[in-house]
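First chain written, first letter: the chains are A, B, C and D, and each begins at residue 1.
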Amino acid sequence: MQLPFIYEINIESTEMTLPQNNSLAIEATNLNIYYGTFRAVKDVSLKIPQNKVTALIGPSGCGKSTLIRSFNRMNELVPGSHLKGEILFRGENIYAQTVDPVEVRRKIGMVFQKPNPFPKSIYENVAWGAKLNGFKSELGYPNMDEWVEQCLRKAALWDEVKDKLDQSGLSLSGGQQQRLCIARTIAIQPEIILMDEPASALDPIATLKIEELMRELVEEYTIIVVTHNMHQAARVSDYTAFLTMDEDRSGVLVEYGQTNQIFTNPRDSRTEGYITGRYG
Amino acid sequence: MSKPKLKPLFIDNLKLRNANANRWKIFFQVSTYVGIIFLTLLLLNILNQTFGYVAISSKVDPDSLTKEGVSLEQLSKKELITIIQDNVSAGLLRQLQREMPLEEKSQSEVYDIVVEKVFESEVSATWTLADSLMNKVSIRAEAAEKYPKADLVFYSWVKPHLLSNPQSSNPLNAGVRTAIFGSLWIVLITVIVAFPIGVGSAIYLEEYASNTWFNRIIQTNINNLAGVPSIIYGMLGLAIFVRTLEPITSGAIFGSVDPTTANGRTILSAGLTLALLVLPLIIINAREAIKAVPDSIRQASYGVGATRWQTTWSHVIPGALRGILTGTILAISRAMGETAPLVVIGASTYIVFDPNNIFSKFTVLPIQIYQWTTRPQPEFRNLAAGAIIVLMLILLSMNAIAIYIRNKYRKY
Amino acid sequence: MNLKKKHRPGETFIQAFLYFCGIFSIFTTIGIVFEIGKEALLFFGSPGVSLWEFLTGTTWQPQVGEFGVLPLVTSTFITTFFAMLIAIPFGLAIAIYLSEYATIKVKNTIKPILEVLAGIPTVVYGYFALSFMTPILRSIFGADVVDIYNTASAGLVMGILILPLITSMSEDALSAVPRSLREAAVGLGATKLETAVKVVFPAAISGIAAAIIVGISRVVGETMIVALAAGAGPKFTFNPFEGAETMTGHIVRISGGDLSYDSIDYNSLFAIGILLFFITLGLNIISQRIVSRFREVGE
Amino acid sequence: MNPINTRETFDNQLSHLSQEVLSLGKMAEIAIRQSMQALQQADRGIARQSIRNDLEINKKRYALENNCVTLIATQQPMGRDVRFLTAILEIITELERIADYAKGVSKVTIRMSEKNSSITIMTHLQEMAEMGLSMLERSLEAFMRRDTESARSIPLDDDQVDHLYNQVAMELTNMVIKDPGTVQTAQYLMWAAHNLERLADRVTNICERVVYVNTGEMLEFDQMEDE
């Protein structure tokens, strides 16, 4: 009698593997971001893989929000901010002179810390950005109603709101509002979704719902998430980047790798200190 | 999911949208500059009217009276009096001496009498500053042709005389002294009445009043009063202070009746009317200031056993004083600029005597400006422009005081 | 230890004084309604005067007993219209520029300028209307078309007068729109214009509406500009280049002269006054309602 | 109305993990069967194969342990989930030890075949193996089904195994008394029997863990039986 090995050993390997160059969503090289004379982010180089959830974690003020906002040029809205270095998106530097920031933001969508639906109906919230960006319904393509439904379904909100699409987006609960904001973002068909602490204003259950949604969306989109809650990063992400402040309070990248490696076997003592709660 | 997933179609419309955005941005920006231009135009217009060439014709040529090239202004009082005595009729001289002996008047007053009574100088024509600067030659020609006897001088309508002289029917001599005194008297009464009541009301509403329907009505009422047109306050003042309370406001029951008037159109009426007018402003500003005092300070005070009034007096009022004073000064400058209610309660327009008590008749600076502006003679309009500059300087310095107070006092 | 209530006569006295101050403003309102209303009632009680005629008559000639308030109302309406023609587009454009486009430095320069503009007494504006705006209108449209005293000039200058008011109230409303809403729009690929006009502006619409209504109320009650520039004598006309007296202009002109009390002329002023009071009060109440509803939604 | 199971991903990871535990159990079970077959047939080839397979089992056990640690580190398991994950850490250790017993039996086969010892008494030994395997199968089933009742009842069968072990020992003693030359064979077989007896003890431990996962009770079946 031979021993039939019908059960395969398909447990993920724990070897540290960084994303390969051929499947990158965004690549930042030697990024320095300043607010006036203060350098908020210092010399960060980061390769973010496609169709994965990448989490940016670190203590408050480490520049993780600034970093994620630089990925779709939202940091430009802060007066006095400027940036050195490159951010490549599809091989093109999004900070090049010829690039239109509006177009960048359309391709790289963003979900914010506090749910911020427009004071319009649920339907309008989803349709607004799409309409703005030249959504056109033709034969073979969805019309707006279908598209709104599709986006709300993707955001796992359809069943909850399908009977009240004309009600205000503000009438929803916090967690629902945040999912509405996600639906609104995917309605403009971005390639990358940036999430800046998307669940920090939500209760634990709503938080878990958003995290679950991120796992589902990552099959179609690349997700980059900033979170001050490292447990959330651990639960939800494939890759984790840990940032901290150096002595002149600039944000620096300490360690970047697969999430399970970062959380079970960090290479850097600062990462270890942070994730075990023995920081500083 | 029942329906098949379809990918949407997006048309690239960015160029159009960006072009649109730029157009509107320019519109917004231009509008802002237009707003600033309005202000500039307003100020320039006033300056334009205040300075410029004036053709002055006199019955007696001033040059004939001056000796050895000494100009009239440089003459001593005594020499000027001699000129007057030599040149005016005996009746007029007596009249002048009756008002106040010439020797007791100041040099500039005597000078004015010389100009008015001896030369009988009159303004024949005026030109604007812009005209005077750009068309000097043609103005000279025009003046020489139309007013051959007149002197063409570059004239400033804002001059020391404007401040020191009382009202006069000759624009060259007319001044705003009585009007400024009138404004000061009235503002004094306004502050004495409105400040304690306004601050008291603010303290009541912020520190004492509970949220009952009655207190809510008081609050709504104050907000509404702040929006009532000033002319309505004038009518209220006319009906109550001038008519109903006439015995008091005319001073009749105090036996202090101004011989020139026997009605209630006095400084007291005007001051009380303006007090009602600025009361809501003082209350609203003071409430904001009191609100800004953090609650923790009140709690700390109560925590060491202070009563409500002790807390208010020792902590809340000092903390809010900055805002209260700033708000009050702004309210006063509003009162100084008000015209309509005082016209309605019947400010006298032609007064040459300074007001000397609260039962005097009065005029104020804005009314002077109003009256001069409505005169048909263009030179009075120039005079009004000069008075406007005086008024604006007073208001600006009050604002400067407000800013100084805002910066000086500590802030919570 | 004694925890019994103490008598504090000083406190009680002060409290009574503060309470008096608090209700003092009520006396003012009662005074306005009662005193002005009383005179107005005397007017309506006079022989040959009816409320209906007052509200619909097109001639105001107290000498011959014609008391139709419409000529005064229409000219008030025309001046208001011209004021809004200036104040709404420019006021809103400046407000949007300041809240959405301007850098902090520019904002800190322009706002004080607007405050200065707001602090100038209205009689100065009246002077400006008469000595600057009217000549300009006359040179544009011809001196034979535009009278020396005309409602258009007064209206346009009143527009400049309330420009700072509408701008600063609208700017407050626009600035109160949370930053997150702007970020949401920008994050969806909206241009600055689209963010400002399609997201921020609608979110602030009630505050802006309140600003406009307060502006209208201010213009309706404004006196000195119309008294100086709009002309004397009630005239039932819709031609903005003719002189016509507004409600406030009429009150200030008639009461400025020698007026004998208890005459029908005197009382008729109070009828106009009470009408003016209720119009502005109504506008103010509407604007306050809008603002308080706006606050509820905003929170 | 909950359209999203908020921890669906985690649940999937957990059920995947329990499948893997089951598969490790099957591997241990097969290892025991293989070693018994080798012993019965005195087949050194199968025995060697069985020893090599143990390496695979060890590897899988470490992979599973790593997986558990990662889930504990990244998913903040609470309540039942943390009991489940820590229990799995115990269970996979027990299963690995069970596979070690199979290795022990296989070694016996190899040693015996070197000595050319013939085997005379296999029936009770085989019965012990069957009994132990049945307990193992049922315990894994109880683990998968979260069946507390059967997890409580399975350890009772340990008595029968002990009883069979005593029987085997007696028989081997008799065998040695009859023929002192068989003493070495008896020693080997005694060793094999000991391994099979320990197997049942390990299964008992697994059942304890299953009860712990389901109820949070920590009990010691062995001691209860001893009293």
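Heads up, the rule we're going with is that contacts are C-beta pairs under 8 Å (C-beta built on N, C-alpha and C of every residue); 3 or more make two chains touch, one makes a residue touch a chain.
Being a predicted model, the structure only gives us computed values, none of them experimental.
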item	value
Neighbouring chains shared between chain A and chain C, ordered by label	B
Which of A-D and A-B has more C-beta pairs touching across its chains	A-D
Centre-to-centre distance between chain D and chain A (centres being mean Cα positions), rounded to whole Å	46
Rounded Å distance between chain C and chain D, as computed from the means of their C-alpha atoms	92
Intercentroid distance (Cα basis), chain B paired with chain A, Å	61
Rounded Å distance between chain B and chain D, as computed from the means of their C-alpha atoms	102
Junction residues of chain C, two or more chains touched	191, 194
Two or more partner chains touched - positions in chain A	102-103, 132-133, 188
Touching two or more other chains - residue numbers and ranges from chain D	none
Contact graph of the chains (line, ring, star, complete, other)	other
All touching chain pairs, where touch follows the definition stated at the start	A-B, A-C, A-D, B-C
Parts of chain A lying in touch with chain C, wherever the complex brings them together	72, 74, 77, 79, 102-103, 105-106, 109-114, 116-120, 128-129, 132-133, 181, 184-185, 188
Touch list for chain B against partner chain C, complex	17-18, 20-21, 24-25, 27-29, 31-32, 34-36, 38-39, 41-42, 45-46, 49, 196-201, 203-205, 208-209, 215, 217-218, 220-225, 227-236, 238-240, 243-244, 276, 279-280, 283, 307-309, 330, 333, 336-340, 343-344, 346, 366, 369-370, 373-374, 381, 384-385, 388, 391-392, 395, 399
Chain A partner contacts - residues on chain D that touch it in the complex	1, 3-10, 20, 23-24, 26-27, 30-31, 33-34, 37, 46, 49-50, 53, 56, 59-60, 63-64, 66-67, 69-70, 73-76
Chain A contact footprint on chain C (complex, rising order)	103-104, 178, 180-191, 194, 198-199, 202-203, 297
Touching residues on chain A, where the partner in the complex is chain B	100, 102-103, 130, 132-138, 140-142, 146-147, 149-150, 153, 188-189
